[in-house]
Structures are given as structure tokens and as C-alpha cells.
Amino acid sequence: MTDFTHINEQGRAKMVDITDKKVTHRTALAHASIRVTEKIYQGIEGQTIGKGDVLSVAQVAGIMAAKQTSTIIPMCHPLPLSGVNITFDWIKEEASSDRTLTITVEAKTKGSTGVEMEALTAASVTALTVYDMCKALDKGMVIGETYLLEKTGGKSGTYKRE
Amino acid sequence: MTDFTHINEQGRAKMVDITDKKVTHRTALAHASIRVTEKIYQGIEGQTIGKGDVLSVAQVAGIMAAKQTSTIIPMCHPLPLSGVNITFDWIKEEASSDRTLTITVEAKTKGSTGVEMEALTAASVTALTVYDMCKALDKGMVIGETYLLEKTGGKSGTYKRE
Amino acid sequence: MTDFTHINEQGRAKMVDITDKKVTHRTALAHASIRVTEKIYQGIEGQTIGKGDVLSVAQVAGIMAAKQTSTIIPMCHPLPLSGVNITFDWIKEEASSDRTLTITVEAKTKGSTGVEMEALTAASVTALTVYDMCKALDKGMVIGETYLLEKTGGKSGTYKRE
Amino acid sequence: MTDFTHINEQGRAKMVDITDKKVTHRTALAHASIRVTEKIYQGIEGQTIGKGDVLSVAQVAGIMAAKQTSTIIPMCHPLPLSGVNITFDWIKEEASSDRTLTITVEAKTKGSTGVEMEALTAASVTALTVYDMCKALDKGMVIGETYLLEKTGGKSGTYKRE
Amino acid sequence: MTDFTHINEQGRAKMVDITDKKVTHRTALAHASIRVTEKIYQGIEGQTIGKGDVLSVAQVAGIMAAKQTSTIIPMCHPLPLSGVNITFDWIKEEASSDRTLTITVEAKTKGSTGVEMEALTAASVTALTVYDMCKALDKGMVIGETYLLEKTGGKSGTYKRE
Amino acid sequence: MTDFTHINEQGRAKMVDITDKKVTHRTALAHASIRVTEKIYQGIEGQTIGKGDVLSVAQVAGIMAAKQTSTIIPMCHPLPLSGVNITFDWIKEEASSDRTLTITVEAKTKGSTGVEMEALTAASVTALTVYDMCKALDKGMVIGETYLLEKTGGKSGTYKRE
């Protein structure tokens, strides 16, 4: 169990010592999604009023959460985030009239540790915010699988989800 | 699109006025999960050292996130949370040696608005923390679907996921 | 100087005791503004891309700041904010091609103390966020006078700026 | 070990359910101290410049920490603090030229749970801030015993340290 | 509208990528003010009790806000602030007995992006805190124009307000 | 009083300018403790249920507080903490059945200023959290002396408590 880098000599959690890790460019790409009804989809995308507003708010929430990652995730190191970009796409579900909003977050830093958690946290919070803003219409929305698509930089190098 | 209670008269977001909503007992139950490899499962549950520690940290993170919900989710009202309880279960995947950790969060308040977002945010952050603490072993872990199981209280009454 | 309710018996600051103040409906309306060049005005309002986006972000920032007021302003009491609404208007300056964006914030609570600081803080942060998003184009923007337009509720009753 | 109210049915931490506890007036009085050299004492109290400034900053820090208690202490409930007052006294140590600054914090609320943690956290942070502002002169300062002097209100009633 | 560096390819906000910007010494000087009645002026400056206390609290608030800038302003990068200094001056208004408190904030960093927002945010919050501490005497105080006086460092070099 | 580096030219507090200080490896070791009854000691260490849980939560709280130090302590600089480790030991009091839990915190950074405040703040918050989780059993627990054991790095070099 010494593989768990977050565990100290007394078997409890610690914030891993990264003092001697190199400062390199690091990026991470994370994915989340939320499945909504046709009605909510039309409300979000409709031309009438407030076009794009739900997504704008969700995206601001995601970016702000990326910056708060080390205060939200206990063993996560504080990082000087150098860039965050969140993009959205809609997928039409085949068997129903539901739509799925996919959320892709890219996070970057020039630091001593990776930005995977920043990208994943931003993705989750973006989805949660869409839920919050649409829940008066339907509480049955489902936040889909959330995972790391890719990371670069650091000693462990590049990871790409197959 | 007037169904979106979070949209103001200029088509932008607002924090909905709940001044006149009744103070009632409210509860919410949310579900998330994270699928990990056999090796990580054994590390988390193993008898050797640090038994349960990953889950303890994840759970503290979830509870603290529940309390921070209104600072993480932009249009969410601040709430005097009166109780949060997070429980874990392991499910053995059928087609592989992977295990899935299910996370159930119960949040309670006596207030003017529901605690769905508190329960969902806590569930997501609990899963993200497990990811963070185990990612040195495998970056391919997947946070599973996150959704509301049940809510009670308030004008809209009880919701139960089918 | 005993008029300064925030000063304790040792002549230092304290958080005033409001334990015995009545819980009433309270509202506050605050005003701020930011003067920008014609070019920035067109960028913000232009039909091309990102319509309204600067204002959406600024407004989310204002709402989130309203919720953080008691952590930003040292002697301010924590309050269960029950609603925040931010609206924008553009005024054409007479003697120049500049435009002034006026920001009006309405904050509400049902609590033991007023929401003036929440409304004023939201107004300031909304203006600061517009500055931040446009400063690559011009660092000479000026945030205009910021003040309370009106408040209602509480022992001191209604205040209206003349 | 069921006496530990913070432990759930899986043997892990939870935020205790206080939904059904009565809303009553509650107060808590906490004590901390910091022992400093004669030179630091004179710097803090000296008539020259910045009179009282170290203590003013420390006190603001204490009051702000009281408001952040539920985000600092994991299982602590969020509380609508209704008043905080911090006072200082100097004690001359007998066997040396050192001085001890005593810090007394009174916290109040009208809520469903006590304010002991708010008072204790404010006392600790006040002492830590004095340390921070004077540490360029001496890193050997000692923060003295920190404890609850008294509490009132709630089901467990009044506690007074003997 | 591609001049808006904060807008991404989908027309929504992003946190600009500064990964490749050079680390240089950067400073910013911001100005705000608050106009108060003669009575409040005397309360703040009076010799009797609590001399300077309102300004001490306001200044602590400003410094703490400077450190929180990237959590308050959505698209602002986190920065390792290396120094903040806030100074005050009083100006006698000509046509009335009112006084205006001018607030000057200097912020410094050695980083990849400027500290303009830190200086401006600190200036606004300092003024807001004076308002908060004196509002029991008069709710008509006005926070005056807030702007950048000067910045140095970075690719865009020095800016000086004319 | 010019020895107080935190005081500006107007006799008020400032955040000291560290722009030109060298980036070096820095460590700090801090000590705190909490004295508890035999019954609480057994509850914390007992084999039955929730083994070690109180200490796990306390330690997570300490690590998270270390990361929040610059938002809790007003004049403290933000720092990229590179590692935090908290360890516990029990001491049997001689004259009574009480036990004292000693808390040792090691903090590390590669930065322009020291991590003494991070280590001390973490130590205090760890002790406060133990108090919080056990206070239903006894409100008379005492948090013992809190001080710096050692620091290394920076211009002032190594400090070791005698």
C-alpha cells in the first residue's frame, strides 16, 4: 500500500512532498456530461431570451471551481493555473428525445504537479451548475461519466484515454 | 423559457427570490460512484496500513463541499445545513476485476429552499477526492453517473427517482 | 464616538451584537457604473460573437460576491441571502463617444440585519469584472460612483437616496 | 464509542443532524494567549507609531475566522453568528521580562447549535496573527493554553470552567 | 471582437492562457475614495477613542481582498502577490463640510500576469469597509471613482493615467 | 518600532514586499497538543468502531488549513505549499488519568518566504478539530502550548527551538 503516495508513515493522509519535482508545462483534458429532456434542451438553446445563458453561468462556475480545486480536494496542491477553457457540445440520444450536453475542460499550468484535478473538478462543477439552473423543470437529469481524456507534462509524461 | 426560474427580465441569470418560501424540513439523497481497478480496491480496503483512510478523507471532503455549495454553484442559495451523512458500498463489476465504489449522500436542512445541490455537490467531490488519492496508481478511473435519488420537503414535495 | 457601533469598549473593532434584532424582510438597491470607450461598448454589445458574454460573467461575479460579502467585509454579519438580481443599462456620454454601463443590484433577505453591504459589494464586483474582461483593450476605464439607492426593512426603516 | 456524535453507522465521520434542535440564544467565551519578549511588548504598545495596530489586525483576523469556522472545522455546522467581541489584556510574567497577551473572545448566535468552536477558532487565529506580525523580531513566542471559559444556551445548558 | 482575450472559440468566457508569458516584476497602483460627512470624519479621526480604527479595519480588508482577487473576479489568474500597501489621505470638499478619504493601493508580484485587478479590488473593498463601519451614522456616503493610476511590467509595459 | 516589518509609513499594517527575496527551499516544524480525559482517549484509540477516525478528520482539517493560511492570517503571503505532513503521539499525564495528544506539523515550500505560519496554523486547526469532535463528551479539554520547533531556508536561515 506504499503505492498510495498520499499516505504517511502513520497510515494517515498527507499532502505529498513535491518540493523537488520539476517545473514543467502541464495540461489536462477532462470530460463530463449531463443528460436533459428535450424541453430543457430547447430552453437552454432556444432563440427567444437568455440565449446561452445557462451555459455561460455553468462555464464561469467551472472556471472558478478550477481555481478553487486545492481548497475543495483535501490533498491537492495549490497551483498557479495559467489557463482554463471549457467547451460544450450537444449529442442527440438515439432511443429517446433526450439530449446530452458534453463538457470538455482544458486546464494548463507551468508548475511542479499536474492539473488533472483542476480539469476534473471544473468539469463536475460545470455539470452540477447546469443541473442547478434547470432543476425547476426536471429533477431527473443525470450527470454522466466524468473522466480524464488526456494529460501531458511532468515525470509520468503523457496519458491518453483509449 | 420563462420556466427557467434563474433567468431575469433581461434574459440573464439571477439568484431566484425565495424570501417568501416557507421554512420547512428538507432532505435530499444523492448518488455518485467511482470505478477502480482491483489493485486500487485492495489498497483502499486492505488490512495492512491506513485502513479506510482514502474513504475517510473523501468523506471529509464531501461534507466540507456540502457546506461550500453556495460558493461553488453560482445561483445556489446559502443554506444552514443541519446534517450531512455519506456512506459507501462496493460493487463487484461482472465482466472485469474492477470494483465500483458507490457513494450515497444525505443532506438535511430546515430552510426556505431545497438541499439537492448540497447532496449532489458532496457526492461529486467525494468521488473526485477518491480519484485524487488513487491517481498515482491509475489515471483511468471513471466517476460514474451522479444523480438525485430522492428529496423531501418544500412546495414541490417529495421526489423519488424511479 | 460611541455612535460607531462597530467599536468595542477597548476602542477596537467588533462585530456588533444583533442577537436581539427582529427578523424582518429586508431589501437593498445599490448602484455602480463603469465608463468605457466606444470600441469596448461595441465589443460587449456587438452582434457578432459572444453577445452579452461580458455582462453575463460580470453578473455571475456580482451574485457570487453578494454571497461572499460577510467573508470580504470584516465586520459584516453572515446573512441568508434570499434573492439577488443585477440589471444593466447603457448611457451615452454627451461630450465624448464613451458609454457608461450602469449596474443596479437588488438584494433581499429575511434576517436580523440589512443587506446594504451585499448589494454594494455585488455592484462593485460586477464593475470590477467588466474592467477585468475589457482591460486588454483599454486600461483607462473608470468605475463610477457607487452608492445605496434604497433600503427597506429593519428598525431604521426605509432609506431612499434623494 | 457511540458517545462520539460525529461518527456514523459505518464508523466514519458525519456532520451531526441538528435539524430538530431548538433555536435558542447561545453564547461562548474562549481564552487564548501569546507570550512575547519585552521588546515585542513595547513595540505593540509603544506610543511612537502604529499604536495598537498589531492588536487591531489580530482582532480583525479573529472576527473573520469566527465567521469562517464552519469552513475550517470539518464537522462544524454553519451558523448565523450574531456578534463577536475580542478583548486583550497584558500580564507581566514573574520570573522574566516577558509579557503575556491574554485574548478573550465572546461569540453569540441565535441558532440550533453552540458557538464554542467559533469562539475557540477566533481565539487561536487572533494569537496566530500576533505571532505572524511579530515573528521578524522573535520566532520563540509561545501561544499559550486555549480553552473554553464558558458557554450558555442549548440543551446542555451552561458550562463554566472551574 | 477577437480583441476580447477572455472569449473562447465558442463565444464564451475563458481564462486566458498565460502559460508562455514571461515572469517579470509587476506593480499596479489603484485609486478609490469615499465621501463622508463632517461628523463621520471626526468620528474616524477623533482623538477620543478608537483612533484610526476604522481605517485599520478597512485596510486589513483591502489587503485580504487583494489576496482573494482570483476567487472574486471570475477570469482573473491566481497570482503569488508579493506585497500590498494601502495609504489614506483626507481631502476637504470645497462646497460643503464633507470630507473625502482617498485610498491608494500598491500591489506587487513577480509573475506571468499583471496585478491591476488585485490593486483595484483592494481599493474597492477598502472603501466598502469604511462604508460598512460608518453606515449606522449615514447611509448616504458615496464611493468615488475607482481607477488604475499606473502599472509596470509585462509585455504591455508601463501605463500611467494622464 | 520600525522593527515591525508589517507596519507601513502611516503606522498601519501592510503586506511586506518580498518581491526581491530569493526563492529557496523552506521548511517549518510546528507543535501543538490537546489534553483529553481517559474516556475520550479510549474513544479515539479504541478498537471497536471508527478507529483513528477523529485523528483522520483532524489531520485533513490541518492540511486544508495549511493551504488556507494566507486567507486566514491577514498579512501572510500566498505560498505554493509543496508538502504537509501531520503526525500524532500520545503522552500519559503523570498526575492524572488524562492523556495528551501531541501534534507535529511539517510544512514545505520552494518560495520567497517562510512556511512558519502554515505549520502553526495547521497545528492549531488540527487541535481545534479534535476538540470539536470530542466536545460532546467533555468541554474541559485544553489545547496546549503551540509553537515553532524549527525552520530552515530563507535569509534568516535555520531556527531551532531550544
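Read from first to last, the chains carry the letters A, B, C, D, E and F; within each, the first residue is number 1.
The rule is simple: a residue touches a chain if its C-beta (ideal position, glycine included) is under 8 Å from a C-beta of that chain, and two chains touch if they have at least 3 such contacts.
In UniProt terms, the chains line up like this: A, B, C, D, E, F = Cyclic pyranopterin monophosphate synthase.
From a predicted model like this one, the values you see are computed outputs, not experimental measurements.
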item: Mutual neighbours - chains that touch subunit C and subunit D alike; value: B, E
item: Fraction-based call for subunit F against subunit E, same above half, different below; value: different
item: Most distant chain from subunit F, judged by the mean position of its C-alpha atoms; value: C
item: Centroid-based (C-alpha) most distant chain relative to subunit B; value: E
item: Listed chain pair B-C, D-E or B-F that repeats interface C-D [over half of contact pairs the same by residue number]; value: B-C
item: Subunit B onto subunit F, rotation angle from CA fit, given as a multiple of 5 degrees; value: 180
item: Centre distance in Å when subunit B and subunit E are each reduced to the mean of their C-alpha atoms; value: 37
item: Inter-chain centre distance, subunit A versus subunit E - centres from mean C-alpha coordinates, in Å; value: 32
item: Rounded Å distance between subunit C and subunit E, as computed from the means of their C-alpha atoms; value: 15
item: Whole-Å gap separating subunit A and subunit C, where each centre is the average of the chain's CA atoms; value: 30
item: Residues of subunit F engaged with two or more neighbouring chains; value: 11-13, 51, 53, 56-57, 60-61, 64, 68, 74-75, 79-80
item: All touching chain pairs, where touch follows the definition stated at the start; value: A-B, A-C, A-E, A-F, B-C, B-D, B-F, C-D, C-E, D-E, D-F, E-F
item: List of subunit C residues in touch with subunit B within their complex; value: 25, 52, 55-56, 59-60, 63-64, 66-68, 79-88, 108-110
item: Complex contacts: residues of subunit F adjacent to subunit D; value: 1, 3-7, 11-13, 39, 43, 46, 48-51, 53-54, 56-57, 60-61, 64-65, 68, 72-76, 116-117, 120-121, 124-125, 127-129, 131-137, 139-148, 151, 159, 161
item: Residues on subunit A engaged by subunit F in the complex (per definition of touch); value: 8-19, 70-71, 74-75, 77-80, 111-112
item: In the complex with subunit E, residue positions of subunit D that touch it; value: 51, 53, 56-57, 60-61, 64
